[in-house]
Structures are given as structure tokens and as C-alpha cells.
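Common to both upcoming complexes is chain A, partnered first by chain B, then by chain C.
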Partner chain A sequence: MAGTSDPHASAFSAAELEFLAEDEMIEIVPNLRMDALNFISGDFGPFRPQIPTQAPLWLAVALKKRGKCTIRAPEWMSVDKLTQVLEAERDSDKFQPLPFHYVEISRLLFDHAQGDIPDTYMVRSLIEDIKDVRFHKIGKGLESISGGGTFALKLKNLSAMEANIVRPFVTRALETFYKLSSSDMIQETDNAPNRQQTANRGPRVSYMFMLYIVKSPTDAQRQLKDR
Partner chain B sequence: MASYYDIGDILAEEELVPTVFQYGANGVGLLDSSDDADKVEAGSRAELPFWLVRELYLRQLVSIRVPPCFDRESKTREEIAADAAHVDLRSRSPYFYELGCKIALLIRDRTIGPFLLVAFQTRYRDVLVKAHALTLTMTPKYLTLLTNEEIKLYEAGQSSIAAFKKWRMGGPRFQVAPVLGRKRKLT
Partner chain C sequence: MDSGAGESSAADDYESLMSTTDAELLKSAWRNEKAAPEILNYAADLVQRSRQQIQLMEEMVEDYINDGVDPLTVSLYQIDLDRTMFLLRSYLRTRLQKIEKYVFHIQKTAEEWNRLSKQEQKFASRFAGDIKHHLDQSVLSRLPDQYQSHLRQSAASEEDDMVPEPQLDSYVVCRSKKYLGAYQLDDGGQELINIEADDLYALPYKSIKPLVESGQVDLV
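And then the complex of A and B:
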């Protein structure tokens, strides 16, 4: 993992997130006949011409590159769905549920399987808009943090890429907020004799900001990835 | 938070703090360069680095005068109250917050903590906006106002945005190993 030496660096680079996103399943329509593939992470296939089947994104892209399949755009990547999401995103303060890796998946599909997505241009610009709205919202949200008890943030429905981008900044800011508003700094001086007590109380909330859980891509799978 | 090997923490303790000697001391003339007698009179004033001040203060050999930027009736406090985002804290002390915390804990000054918090709260917002919006060409002027801690924060925000933009733009996905690019030598 990148940046293990510096705790404040981004936990993942964008390329690493893309790698993780490639484990998401997607529907493909193969045009070759192939027996099921047995991997540590699961069995995929069998592949029969014109029979839709599920495969991880990396396999889909690899087959697509060789012209052995067409990729079916996931349900959320339709113009209707995205328009709905965009509107809801604009109207409410909450983040709309989208796939955790929607930024990466859409980019991969646009790069490798542009022809397989209906209304490519529309979809592309919609996703772009959604992303911009959400980033704007994140910025607004971060502006409203105001120390004094903010030790952790809960950001529901935030996607991997979005979390990754704000992580270095936010963890650092929260750390400073915590340091400046810790009980030692604010209250301890009021009751100097009780110092021991206040000190023992320690950090009331051990903040963990957006812990990211890796879905353990196995080594075998990594090797199989034909990039 | 501040670990033993944290270079920022070490440098923060190098900051000078004005002190008054409570007792005279022989053989430490270098702390107070005003005379040649190689000793410090009781009641003389000197600016000493914080790490030294802490030890002397705990032994009650010196008394601390709060540095002007944290003082209760200082100009800095008024400026922070007026418009924190544009105060040049870096010229006060590059380790404004760290030093403030350390001094506040040492002399038990209850006003410094909230003051630092307010200062950071207002300035944080500005750093956030600038980190996400500014282009690289405009930064040097703004960065001169920030303390080291804020600069790190700013850079953390900016670099992650830049990395994301780079990824979005695409560009070469593969990097050619330097070995492969080399031309075969003619034999």
C-alpha cells in the first residue's frame, strides 16, 4: 500500500482504488465458448456465446480487449437512473446511494467498453455532473466542521474515491481540532487539583475516519489480472 | 500525537520564550549576553528556547512572560478576533499552535486554549477553500501567512486533489520499465 511510511498520506492512490474496483461484478455477454474458471475468489462462467453471465470487472475488461465479449452497462448507469440520482443529489443534503466504486467503474467502462454503453455521452456527462455536485457538497460539509467536539465524521454513502480524496486533509484537520480542544487545553486549568482525573479521562472518542476495508483480493487473483 | 522523533515537535520546542530569572546564576553568561561577567543576575530577562524554559520553570528558577502573540491584551488577539484568516501567524511563530499548547499547559493559562481553537477554526475554513480551489501559481503569496501546521494541511488537501485530477485525465496507464526503453547496443 502506498504511503505506509507517512501516516498522513492518502491511504490509496487513485490507481490502487481502480485496482480494487476491478473486483466488482458486472454482467457480460461472451461470444466465445469457455469452461468455468475456478479461482480462489470464486468460480466464474461457464461462458457460452450470447448467454449473459457475471464476471469481475477485470475479467470483463480483459475479454473485451480481445473482442471476446460485450459488457452490459450496470443498471445504475442508465440515463434514467442517473438523472434521478442527480436531481435527488441536488435537492437534498444527503448523499445518494451509488456503488462504492462508481467513479472508478465508470471510468473503466468508458475507457474500455465505450461502445457497449447506451447513450455514452449523456451518461458520461451525467456522471460528471453527479460527481461535481457531490464534491461541492463535501466541500460545503467540511467547511461547517467547527472543532469543539468534532472528533469524527460519519459520511454515509460516500464513495471510495471521494473518501480517499478528502482523507489526508480531514484526518489532519481533525487531529489538530482534537489537540486544541482536548480536555487538557480547555478545562484542566479550571480545577488544577483535579488534574489527575481529567488527564486520566483521555480522549473520549477515539476517532477513526472512514476506515476503508479491503475486500482481500487474493494473490492468485492479482496475478491473473491481465493488465 | 507528537511522537518522540517528530521533527516538527522538536523544532517547535526551539522557539524562544521570554523569561525572567528568579535567582542569579553563575557560569551561564551565554544565556544573557549583555555583560561579560559570565553570570546571570536575578531579575534579568532573557529569551530562552522552550525546552530549556520548561525545565527551569519546573524548578522555579525562572518565571515565564507569555510571548506577545499569546498575551491577553496583545495585538494578535485583536487581529484574530477581527479577521483570523488574514493574520500573518507565520511571522509570529511558525509553530504557533504547538507552542501555544505547550505554554498553556505549562503555565496553566486557561485563555490560550480557547484562543488557539478559535484561531484555527476560522483559518481552517480558509485553508480548505484555498486548497481545493487555488491553482499552483497563486499559492506562494498565501502560504507565507500560514503556520507550518496549516501548510501541511493545505498541502495534504491540494496533493490529493491533484493526484485525482491526474488520474482522471488518464495518460499512460503503463510505465515502461527503464530497462525496456534502452536501445540495444550495436556490437
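And then the complex of A and C:
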């Protein structure tokens, strides 16, 4: 019990993220007639054959599985858009804006509504490429975290899944910096009881991570002065 | 806090509060509870309301089945019901896990103790008693006198140094629903950070704790 380590190495499981993504809205074209549904999570419908309407992804998938609707792929999931995003992603250090749950949404649609997505194979491989480029960028970003006094990290346009994956590294690295930079660190290490903590944290992660805006006190002060 | 978007925010708050469903609220309570290092305030009213809604919905589904309503419709209501129940259960379970982990700390900190519901307090008391009993029986009673406390390493310790506490300076990933302006990060420093709507930030939990409690920022 004593000395239990970090409480939230990775706060959410992949399944839990998917659960959250299933609440995102998507357009469906029903092929049945059904009255409005008054759920705890909101009111949806009514559904009329061939009349497009909005529904949460879980509902869309449930209907799709029973052959009761077709799903319209969201706008960002077109070859044109994705090609643009991929190019921009390659050209810039920044992360391009994509839906917060883009990984989970595309995965769900590929699993359950493959036939409804135009140019499936192309779209799938574009999304894979985008994911790869972004992960590579995340990896590269780690190196720039190194300096002391890093207090906060802005993770602009990072998606839910990406943030969840980098969380254990980023949070631990920042914690370590925070501890090292705080003035009472020396007293703290004298306080023996926190034995194993210091042993397996520390420099091992410190050079590993960062994503792209680092705010150190000096940075912040410089920015303030510049204004 | 120095908020740049001061004037419009009161009206916005009201508006967003009115348009936020219990399902949304439960989801963000669940997320915050999962991501926060310490135990948060028990969302008593929200849990109460969600329970009622679930019960109502269960009765309704029952009626639908008896009335011979289209099985497809029934199954969709059932899915919605299952999703809400999952959220509620997972929320409560996450809290129980935290209580088990930090039970001795929570017990001696009045402020944290008061964040628990009545049932949780009962659980915590019994759990703490059982753990203490177990530690005494299996190990502590066989140790020399000065090492018999389950809270301290030895009688020479000045404070309870065997009680795990939540790490409030650990980092969390958070997201604000709206622009919060320049936010002061730490007690001592002059560091300011501009918190913009819908962007993710990794920040020390204790510096944004008030924002989490007031619902301005969601942990993700």
C-alpha cells in the first residue's frame, strides 16, 4: 500500500475512448420509418426513409448493423480533404485540426460501415498515413522538452487517442522537471520515505517528450515583454 | 483569475448550463473523476437524477416489451440505457478505487472526507477497519512495539509517513470549453498561460484544481 506510484498512468482505455467517440454526431440516411427516440442521452429522430438526419455514432452503428440505414461519411473523411491534411501535416511542424476523436470515428466506420465510405481503401490508407506522420511528429517533439523550468504544455490539435497515448510520458516528464526546478528539491530528497520513487523516475524520461509549445518561465516572461 | 472574456461569460455560463443534459454532465463527471489524482466532490444531485432517469427508462422499456412495441425500437432504448448505466457504474467504481487507495488519508482529512457520499463514508470506515485489522494480524502485531503502527514506519516518525496521499502536483491533461484568458499557473511564480477554448494543455493538477471544481475546465 505504502508508496503506491502514479495514480493515472493512462487514464482511459482504448475501449473507453471509443465509448466517448460513439457520442459524436454523424449523418445517416434511414431506410425505415421510426418515431423520434427520447433517450437519456438526448432526443433523436424522427426517422423517415431517405431523409438524412443526425444521430450519435452508436445509434448509427446499431441501425447499420441491422441494415436500417446508410451512414454518410463525414466531410473530413473524403480523399480530397485527407490529402490536404496529409500534405499540410508533412509540411508543417504543427498538428492539423482534425476531429478530436478522428482515430476512433474512422475505426468505427471502417469496422461497421465500410461500404458507405467512398474510396474506402484510399481513405483508410490516408488516415493511416496521417496517423503515422503525427506520431512521428510527437516523437520528434520529445526532444525539445529538455530545458529546465518547463511548466505547461500546450497540445494544440492533438486528438483524444494521441493525448491518451502520450499522457504517461508527458505527465511524468513534466513532473520530473517540475520537481527538479523547484527550490526545495534538495530537502525533499533528504526526506527518505519516498524511497523507490526517485529511483525509477528521473532522467530516463526527461529527454523523451514534448509537443510543440513549451512554456518555460523565461519564455513566458519574454513573450510578455515583447508585447 | 484574470479573465479576458469577462462580460459575456455569465450569460454564456447560464446558457451552456441550461443546454447541458445530465448525460453530458455525467460524462464529464466521470472523465474528471478518472483523470484527477484525488477524489473529487461527490456529484450527489447528478447521481440521484441519473438513477431516477435510469429507473424510469427501465420501467418504460419493460412497458414497451409488454405492449409489443417494435423490437428494434426497444433494443435501441436498451442500448441507451446500458450506456448510461455503464457511465454511472464506472463513475462510482472509480471513486471506490480511489477510496481504497487513499483511505487512511481521506479518513484523517476532514475536507476530503466530506467529499464522500454517506454510503462511501460507510464503505471507507469499514474498509479502513478491515485493512488495519489485516495488517495487525498478519504482520504488525509480531513486530517490536515501536513498529506496530499501520500509519507510521516507527514510533520515531514525526508524522504519518506510511499513508499514501494523492499527488496533487502531478500533471493532468485538460481542455477548456471556452477562452479563459491568461491564467496564473503556480502559487509563487509569474508564469501565465493563455487558456484557449478546445485546446489541450498538460498542467499541474493543483494549479487548475479550482477550474475543475467549478466546471470551467474538463480533464481528458
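As a convention for this text, the second predicted complex is superposed on the first by the 176 of 227 C-alpha atoms of A that agree within 3 Å, B and C clash if a C-alpha of one lies under 4 Å from a C-alpha of the other, contacts with A are read in each partner's own complex, and residues count from 1 in each chain.
Throughout what follows, a residue touches a chain if its C-beta (ideal position, glycine included) is under 8 Å from a C-beta of that chain, and two chains touch if they have at least 3 such contacts.
Model, not experiment: these values are computed from the prediction.
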Query: Which holds for A:168: it touches chain B only (first), chain C only (second), both, or neither?
result: first
Query: Is A:160 in contact with chain B, with chain C, with both, or with neither (first, second, both, neither)?
result: second
Task: Tell me which partner A:180 touches in the superposition: chain B (first), chain C (second), both or neither.
output: first
Query: Taking the superposition as given, does A:51 touch the first partner, chain B, the second, chain C, both, or neither?
result: neither
- prompt: First (chain B), second (chain C), both or neither: which does A:37 touch?
  reply: second
- request: Could you look at A:12 and tell me whether it touches chain B, chain C, both or neither (first, second, both, neither)?
  value: second
- request: Pick one for A:107: touches chain B only (first), chain C only (second), both, or neither.
  value: first
- prompt: If you count the residues of chain A that each partner touches, which comes out higher, chain B or chain C?
  reply: C
Task: Applying the touch criterion given at the start, work out whether A:79 contacts chain B, chain C, both or neither, answering first, second, both or neither.
output: neither
Task: List the residues of chain A that touch chain B in one complex and chain C in the other.
output: 8, 167, 172, 175
Interface residues, chain B side, partner chain A - complex: 1, 97, 101, 104-105, 108-110, 112-114, 116-117, 120-121, 124-125, 128-129, 131-132, 149, 152-153, 156-157, 159-161, 163-164, 166-168, 170, 173-174
Field: Residues of chain C touching chain A in the complex
entry: 21-23, 27, 31, 34-35, 37, 50, 53-54, 57, 70, 72-73, 75-77, 79-81, 83-84, 86, 98, 101, 131, 153, 161-164, 166-167, 169-173, 185-186, 189-193, 199-204, 219-220
- line: As the complex stands, chain A meets chain B at residues 8, 10, 13-15, 18, 107, 111, 139, 142-143, 145-148, 161, 164-169, 172-173, 175-177, 179-181, 184-186, 188-190, 192, 227
Message: Applying the document's contact rule, which stretches of chain A touch chain C when the two form their complex?
response: 1-4, 6-8, 11-12, 19-20, 22-23, 32, 34-35, 37, 39-42, 58-59, 62-63, 66, 68, 151-158, 160, 163, 167, 170-172, 174-175, 178, 193, 215, 217, 220-221, 224
